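Below is one structure, written out as structure tokens, with a few remarks after it.
Which chain is which? They are A, B, C and D, in the order written, and residues in each are numbered from 1.
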Amino acid sequence: MNASQMQALLPVLILSLTAVVLMIQASIKRDQKLAWIISALGFLCTLWATGYAREFAQPVTILLQVDSWSLFFSALVVFAALVTLVLSRKSFSPEGERKEEYYLLLVLSVLGAVVLIQSSHMVSLLLGMELMGVALYAMIAFPEKGLLPLEAAIKYLVLSACASAILLFGFALLYAATGQLSYVGIGQQAATAYLSNPLLVMAGTAMVISGLAFKLSVVPFHMWTPDVYQGAPTPVTGFLATVSKGAVFVALTRFYMDAQLYQYQPLITALSIIAVASMLIGNLLALRQEDIKRLLAYSSIAHFGYLLVVLITLTGTGMASDAVTFYLAAYILTSLAAFAVIARVAGEDQHKTQIAAFEGLFWRDKIQATALTVAMLSFAGIPLTAGFMAKFYVVSLAIQGSYWFLLSALVIGSAIAIYYYLRIIFSMSKTSVIDSVGDIGVQDYSANLTALLLTALILMLGSWPQPFITFAGGL
Amino acid sequence: MLMINLILILIVGGFAALISERFGQNIPRKVALAVVMLDLVYLLLSLSVMPELELLQAPQPSDPQSWLMHYSREWIPAFGIKIELAVDGLSLLMVFLTLILGAVAVSASWTDVQVRRGFFEANLLWTLAGVLGVFMAMDLFLFFLFWEVMLIPMYFMIAIWGHENRGYAAMKFFIFTQVSGLLMLVSILALVAVHQSNTGVWTFSYFDLLNTQIAEQTAFWLMLGFFIAFVVKLPGFPFHTWLPDAHTQAPTAGSVILAGVLLKTGAYGLIRFAVPLFPQASIEFAPIALWLGAAGVVYGAVLAFGQTDFKRLIAYSSVSHMGFVLLGVYAWNALALQGAVMQMVAHGFSTAALFMIAGSLQERLHTRDMREMGGLWQNMPRMGAVAMFFVVASLGLPGLGNFVAEFLILLGLFQVDRWLTVIASLGLITGAAYSLLLMQRSFQGEPDETRQLTDFGSREMLTMAVMMIALIGLGLYPQPVLDIARPVVEGLLNFSATVTGELL
Amino acid sequence: MEGLNIPLNHILLVSSLLFAIGLLGLMIRRNIIFILMSLEVMLNSAALAFVAAGAHWGQPDGQIVFMFILSVAAAEVAVGLGLVLQVQRRFKSLDMDNADRMRG
Amino acid sequence: MRELIGLIAFIPLLSSVALILGAGRLSRIVIGCLGVGSVGVAALLTAAMGLDFLANPEPFQVTLWTWMQVADFAPGVAIYFDGLTLVMMSVITGVGFLIHLFSTEFMEDDISYARYFAYLNMFVAAMLILVMADNLLLLYLGWEGVGVCSYLLVGFWYQNSANGYAARKAFIVTRIGDTAMALGLFLLFTELGTLDIQALGVAANAKWQVGDNMPLLACMLILGGAVGKSAQLPLHTWLPDAMAGPTPVSALIHAATMVTAGVYLIARTHELYLLAPIAMIAVALVGLTTSLMAAFTALTQRDIKRILAYSTISQIGYMFLALGVGAWSAGIFHLMTHAFFKALLFLSSGAIIHCLHHEHDIFKMGGLRSRMPVTFWSFMIGSAALAALPMTSGFFSKDQILLQAYQMHGIGPWLWLGGLVGALLTAIYSFRLVFVVFFGQANTEPDKHTGWRMAVPLSLLCVLALLGGWIIIPVAEVFPVASDHHPAFWVEAVSIAVPLIGVAIAYLVFYSRQLRLEGLVKAPLMQKIQHFWFSGWGIDWLYDRVFVKPYYGLARVLKSEPVDALYNLIVRVNQSLNHWLSEGQSGQMRRYIASMVFGLIVLLAILVGVL
């Protein structure tokens, strides 16, 4: 491994180093604040490193593919982690709980996500996913009080492990068929292997897709989502929704492309069915949901349905890969904004995640309410927000590929979605309840700053997307 | 730059109104009025320095240089999306209507809105900005953007300051328009995709897309996407059901903007986009559209007759009146089109005024139920006289703007489909029935002597006078409006004739 | 690897069977300990398949993956058991069917 | 001079606007001066125009401005002035002025004095526009304008809902006719490319042959407008109810001017009618039937104004009959004389009502001859003219109509016979009125006396009603010449005798009581017939059942917006799907795994190719 490769690996290395430093710090002197600062510094350095490493983009061993695309997503993930870090500081009750480990877990989970994003091989995929996942279980279960986090964690653990097993078994089948473990290798051999043993290749693919679909929570692998979203501490939910799902989707995209899965018509059919089901069922489930975190869980199901549409249209390079970039970026930013506001407004009070708790937010906290409004509009795909440009991509792709079936599901799904996103906005604008709910609490500058920053980013992506499009095109 | 400034003034003015609330409860409305007036003056000044000849030049729809004003710059070059604004006579009329009714709406909100005035006026101004954008945007992406974005402040206006059932109404309004907007988005993108596959160029510019060659079947479906979006906004039968609720629940200023301006964007869209972009498909579709229009005319009138809620009655009358617009557009000849344009302007004034009266009544009586009114003329003779004026205007009394519009539409329609004209003419009779019923139930009949009501004050009378003069002017000497619209109408007719001629 | 030459398909069949048993266990067991055990079975069935495939292709990769799976499984179960302790302490039950506080 | 003709309509309009704006600020005297003065000035100007015209009888046209121009549709706000216009304008401004003057006293105590004159002036303006219009669109403007003014004035006392109902009925029923007329306009423009009345005649003659379908259709549609405005069958039901307005209004609008607009319209467009003989016959038949129906109804009414209203309907029927048989100038002549004597009758009855505490029932009056001599003589003269007693104005005009009807080819004698029956009935009911109201026992004591502002108009109208028959109307140039062939002497003799017989019958029955009809009247069959007549031949009842009630029912049924049911259905489907899916999120992990396994199996099945 030469120096250039080490430089390419810099983000991963810095994250690992941060983890090590955190461990050492914890063993020397337990101090939450210090741990927070170390993590923050680590993330900031990683963010810088993702830029720095672009100069050295190259495959690092057979396991990792460091290119500008994966570096961009690494940066995005680290950014999301940074936001999570900011949200976590004030979140779940400070007294008594030792959060040093929490920060360590966060760093480890991000490390896993970055590895997952950069993976080009089954083993790095496994490692990244499990590192990310195992750390997440612990993060979900972190609050000492309340039963819901624990329930969420155990459910997530069991189901996720099950999904991992399915994924692994799928890879085993693919390996048996092709003798390859790297994506590219599989792609090269699969075509010939398909001729001799289609059953093995297809069954393997099906199981791999199923395993990944679980993490993306698309129908019918979606049922864990609301429970985990609801049970987990809000910053962790945000993290799960953005980092975990985003990284897995990047990995899926890379696998899909490198292994040239788009050649298999049955797979396209299967993905289409999943996508349609996700778009419709996800939105329908969210329709009358009263808990905002569960609602966002269901909405995320639908959004990954939309993303699958992009995947289905992905036949090589071009607009579709830009679309993945754009959609994921928009989705991650929007989710972060939403969860940032929820974390601020609801704290860890299980009752305050009800939509009713957001009534009159406009008159209590303008900044948070505006941020949540913009986030909801972005989710709904209203122009001037990032979500609209994202939807613009999806619809364009679907039209160009003449996927009218997918398109109609998308339209119907979006139509349903408008209702529940709007319900939240309406609830916030209610004027009759200002006194009964009470004040949101003291001003929190970091929360406001975060909300404003995210809102600005969402609006910028939506109203002036050209720089980002150019940038994404260059990836 | 002029056109962008028009929009920017309103957007910035909205923020100014929002902030100005800190300096006093009554400041925002003054700021808002000043902003709208400033916009109006700015437009007039800019027009006055333009050579008058340009007004009369018949623009070639597909040649932006022949338009009155044209502005274009890159925005998202990756998709060929531009900030492209252009104004021809039709847009100009609509812009004027928007700004005048904007001022009327501010006046309507003067005492009607009691809480959070800053935010209200801001929303009002932002809605106006969005509407102006709709009327001027010639890039389909930009058009769609304004189309959708203008709904958000409108939504807030209904949802926050509306009446008892505002949540439902606001939601219904938003969902109807959004869902239909989605269909339009699909159509726009498909149209662009077709154009791109024909020429290899990504563009959303109206001028480039006008001559797109589309397979017949595809064109029909794409046209339908546009049609539904516009007809929902219009609103045409059977997509009108959001309107009575939205109107009834909206605050007065909201109703004024909604009825006076927002509905016109639908009509404008039909004239500007739905037909010219798909001339052949539109011609084939015209019989259905015409039937929908006639159905709207009659259905709206019958339902208006059955209402007991003052605002709901006016709302249904809008359904009826806008049915005429649909008829006018799809009759697609000079008479009917000019009539449709006239109807847009005239209906804007007459309905806005009626909604203001409804708002004033609600402010004074705290009810919109006509069964609790009666004999109000006695208490408020000035309001009664004004109401009478606008009621007879809305039933199409010759000499007032609405008559010119309806007559031209029906005259144009008669040349296309005689039996349909007969059906649509029923609207004249039923229109009289509900209009006079409105008058009877509210202002006439047994007065309640115990009521202490203040009549219209000078601010209200001034606002009303503006609209009355406008309607009389439109009714007795509509030529200025007709002249401004004429080149556009001729251009469109020639254009569609050439295109369909080529196809045949 | 001479002498004993079992066809790949047979081993895959066995591992599939194991996998199915694990999955079935997951679906029908209610006790969290047994659920974790079922998971272990599933993971190991995958590991077995890898080893067999590695042998089939004559590569060491299969066995390396096996090691990874082992460690992953260990990590999963370690966290899992940690959670089980908490579950027992707070829910006073290991029956996962009772863990249905969130629904709808 | 001729350029100023527009002023004639403009002055009353201006006065009306001034009155509206100044309502509440002007004193009664100023209001009266404005209201009466503006019409007076208009009348003077009309007189001047008339003298000018008679000296130099050349029709002329003045275009004020182009109203609108769209493609080749370019109606102007333009005035056409010929003999017919002059006659109409004279009637409107002349009779109008007298009625305005009368009103200043009649409405003296009303709080809405200004509003009254504003409406009345506006009406005069609109009516003038109607008759001065050079094209049918401008005519339509006046046509609708008088409709609205009629609506406003019928419902003048808006506090009473019944008045409001009558006003709305008046407007909507006439609107039905107006809509037919609008369709006629569409048809004419589409076929002939113009709406200018003079040009229409030329174009129609050039394009169509006598008996073509198109002119027939156009004429029938215009006839629709005419029967609506002129209260002829089948759209006459609004007029009796319209008597809810102040009595001078009834005199001006519902007797002298507006209701005869239909006659004017048909006369104006006679060139079209000449191309459609069937339409002419239809006009004649409508006129005759209406005339007889209304006359029978008038016989049984008790309300003084309703009697006069039915009489108006009946008399306009005569005018229609005249038009239908081609007796154009006779029709217009009768229009004019009718304006005189019917305005006189209405004003007299207004004076009675004014002095008798707003009493309308003729059987509660009686014996007023000595106590209200001016009114009595006015009413007497008016009734004589109405009954067409020889030498009164009504005699000249009605006689002309009957004689020309007789000469019509084919059904002429039958029309004549019908007209005679009508004339008989007219004489009976008009003198029934006179005898019941002015003779016999006094039942009510008048509490006021007629002042000069009432007496002067009454006297002047008396003169006109008596001597109006000697006026020669300058319409010879306007209409084609009627045949000057005189029918047999006996026809003329019978025509003259019949009204006298009618007066005699009325005298015997209602004054001297020598002819006792109680037995006949009390007979069950006669009771029924009487009731049938009284209710206006049940037409109101019929319309109520066939149109009004179903429309109300429809509106009530649709009120809840059935279209929304469709959207609600969509909402409900989504809600139940949501409910059903939410049930699935039970929180039980095993279910979640099952769902995953299901997904896995489906995926496997699709990929492996089972599906």
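Convention: a contact is a pair of C-beta atoms (placed from the backbone, for glycine too) under 8 Å apart; a residue touches a chain by one contact, two chains touch by 3 or more.
This structure is a prediction, so every number in the text was calculated from the model and none was measured.
Enquirer: Listed by label, which chains are in contact with subunit A and with subunit B?
Expert: Chains touching both subunit A and subunit B: D.
Enquirer: Taking every chain's C-alpha mean, which one sits closest to the mean of all protein C-alpha atoms?
Expert: Smallest offset from the overall C-alpha mean is found for B.
Enquirer: Which chain has its C-alpha centroid at the greatest distance from the C-alpha centroid of subunit C?
Expert: The chain farthest from subunit C, judged by C-alpha centres, is D.
Enquirer: Using mean CA coordinates as chain centres, what's the gap between subunit B and subunit D in Å?
Expert: 37
Enquirer: Please work out the Cα centroid separation of subunit B and subunit C, and write it as a whole number of Å.
Expert: Roughly 65 Å, centre to centre.
Enquirer: List the centre-to-centre spacing of subunit A and subunit C in whole Å, with centres computed as mean CA coordinates.
Expert: Their C-alpha centroids are separated by 26 Å.
Enquirer: What is the distance, in whole Å, between the centres of subunit A and subunit D, each centre taken as the mean of its C-alpha atoms?
Expert: Centre-to-centre distance between subunit A and subunit D: 77 Å.
Enquirer: Which subunit D residues reach two or more other chains?
Expert: In subunit D, the residues touching two or more other chains are 582, 585, 587, 589, 593.
Enquirer: Enumerate the residues of subunit C that touch no fewer than two other chains.
Expert: 23, 26, 96, 99, 101-104
Enquirer: So which bits of subunit B are touching at least two other chains?
Expert: In subunit B, nothing touches at least two other chains.
Enquirer: Quick one: which chain pairs are touching?
Expert: So the chains that touch one another pair up as A-B, A-C, A-D, B-D, C-D.
Enquirer: Can you list the subunit C residues touching subunit D in their complex?
Expert: Interface residues on the subunit C side: 23, 26-28, 30, 96-97, 99-104.
Enquirer: Which stretch or stretches of subunit D touch subunit B in the complex?
Expert: Touch list, subunit D to subunit B: 20, 23-24, 65-71, 73, 77, 137, 140-141, 143-145, 148, 151-152, 155, 158-161, 164-165, 167-168, 171-172, 175-176, 178-179, 182-183, 185-187, 189-190, 551, 554-556, 558-559, 561, 563-564, 566-567.
Enquirer: In the complex of these two chains, what residues of subunit D are touching subunit A?
Expert: Residues of subunit D touching subunit A: 574-575, 577-579, 581-582, 584-585, 587, 589, 591-593, 595-596, 598-600, 602-604, 606-609.
Enquirer: Quick check: in the complex, which residue numbers of subunit D touch subunit C?
Expert: Subunit D residues touching subunit C: 582, 585-590, 593-594, 597.
Enquirer: In the complex formed with subunit D, which residues of subunit A make contact?
Expert: 155, 158-159, 162-163, 166, 198-199, 202-203, 205-207, 209-210, 213-214, 219-224, 226-227, 264, 266-267, 269-270, 273-274, 281, 284-285, 287-289, 416
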